[in-house]
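Chains here go by letter, A, B, C and D, matching the order in which they are written, and residues are numbered from 1 within each.
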């Protein structure tokens, strides 16, 4: 079998799950029931008051998109597979599929008295996703043979190993912080992803491989 | 890496999101609850009175389909990628994913006293999609290197640059108009897409590249 | 561009829509609300009484599957595209996306006094799908150039042209019949698809190209 | 047509259905309605009490993932198709699409007095999936020509034939057992899949082909 086809179907399956998870997010945003609103002013007010749904939708959209871009970039330098690697991919998909749930929970309770536990759950779901990336890296690093060549492996080690560990410490701290200062936690979380996107857009393509 | 594979996975991911968004539209059309209707006449009347759902479904189906066709055509002449280009694609997908929401809102309120703000939201979501196309073009045009060759880039510039700016002015006008004359706005919106389809069907394939 | 890639992305997009529509069908089958059932006997009875949901699910699953298989087979001999052909594909996808709605309607009302109009709607949605196939054929036949070679075009004309016209007459008759004898209509509809599957399984691959 | 493309689109369609079914599972996990919970303690308690939803989600996620991995591995040695084989694939997809329903039923009733029939339905849906694998094997074995070469066919016969029959006996026993000892049945079911994953991770890639 050629190198190209070995991971092609794994990538296609992952693409499918990423694409569906990112699109399902919109289903969580409800329209106001017809008859519940009476004036144009009420209508706009309702849409404005629903901003946490849009905030959650946008943040999770960005997270899944960035995760897909990273996944995509890594497969430019990985062209073989192993059972462990396949299941590590499966675990990453698990953490992606969970995101529509934690987004719904966080958005739904954001402006209520129970915002703290909902935000904590969201932070933990992001931490879990980060852990899945570390597992993904470990299984791909275990043997050099998944990579196209030794140079790819070295680049991967440098670009992914440290950043993903730093991200782990960061998201773990956010989880702990969220018990006392949930909104600070959420602001830092948001800032980290906006920062990530801006960085990604301003670097040159060759350095874009990263493991989040 | 060969030219073909560089954008292949980006296209596959986009295809997935387009396909899911276009299919999710049907979930917004509710069937009448069993027991709420008593005669065959009631049944047909209910289906007929639900025409705004079918109007919204059909219009958004056409918009997503046309957008996919344009996306597809453009990738015939673009065969490289860049981080900026990838995220510009991501933003376009964002505006596609939002469409099932704005369609639901517009259809649901179309025959109520709150049709105006719902139509305005729909017009703005289409304007946002148009803006994502302009961003998409700008990032792909920034360096000639994303295109197969210089001729492709020139063709793209000619076929996409002006039409997308004219479309921007048109949809922006519809947004403004929708505050006072929502139904005129919606009629012009519908007419523009029907016109688009008819044009696309009657031109020869070579000229079909366009940026909407 | 090579012949292979020209229709590859159109096929991928169609595959996505077929796959999503066929999977969304299961969302229409509701589980009994917890607390509404009190004995094991009630539980099994409820599942049994919900047989129309399973009947509708299975029938529409088969219809979408057969349609995908035919679509797949036809693209073995078509390897070029045109704007008209792309939009004819889009219209076929439209009729596929509508199926989860008409299935829900038909299943939901099958054992009520309003079974007749619900079955009529279902029959019309199948007729609409048949019409989309005829349109698909006409646009692909218009110029011989969409086909790999002249032999492919001749085979297509023979295997698809007549069967799809006969199918049109058949489904149109079922639509008319459904106004007076809805259950006979539905039985003939089911029989036609079961027959189709059995035929497809027992013929040799070379003759499988057909347009339903 | 080259060998590669003959099954490529069948694989792509199956990937789509697998990906959608695995992602739809998350839609079954509901968030507590805002306003129904009053203290942080209630919030965590509610999430904890909803563990059957997470158990069902995780188990079905694993089952679909393993099934996809097996499907993927088998297509490394099968590179031709037949109408029978295509429809056997279709039947397997049918049993995958049914899983979100049986998962919802099992999770929803797991902690109620009606756990037994709900678990029985779940066991039967897994047995049905196993039967679809046996059918899949039989149609692919019927003629050696679907396989790349004779060695592939022999390997397939050895690695898949016996395991799938043993699995049939095992799941059939679980179905029977579930009438009297539903929770023992469910524990054995879970153990069998956890065992399967652990085995898959610890074997070398060359032996990973299996038919579950």
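Just so we're on the same page, a residue touches a chain if its C-beta (ideal position, glycine included) is under 8 Å from a C-beta of that chain, and two chains touch if they have at least 3 such contacts.
Keep in mind it's a predicted model, so treat the numbers as computed, not measured.
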item: Chain whose Cα centroid lies at the greatest distance from that of subunit C; value: A
item: Rotational angle, Cα trace of subunit A fitted to subunit D, multiple of 5°; value: 90
item: Copies subunit B and subunit A - interface residue numbers shared by over half, same or different; value: different
item: Between subunit C and subunit D, centroid-to-centroid distance (C-alpha), Å; value: 26
item: Chain centre separation in whole Å, for subunit C relative to subunit A (CA means); value: 36
item: Multi-chain contact residues (two or more partners), subunit B; value: 12, 16, 19-20, 24, 27
item: Subunit C to subunit B touching residues, read off their complex; value: 1, 5, 9-10, 12-13, 16-17, 19-21, 24, 27, 81-84, 86-87, 90, 93-94, 97-98, 100-101, 104-105, 108-109, 112, 114, 116-118, 121
item: Touching residues on subunit D, where the partner in the complex is subunit A; value: 4, 11-12, 15-16, 18-20, 22-27, 29, 31, 34, 37-38, 40, 43-44, 47, 58, 61, 65, 68-69, 72, 75-76, 197, 200-201, 203-205, 208
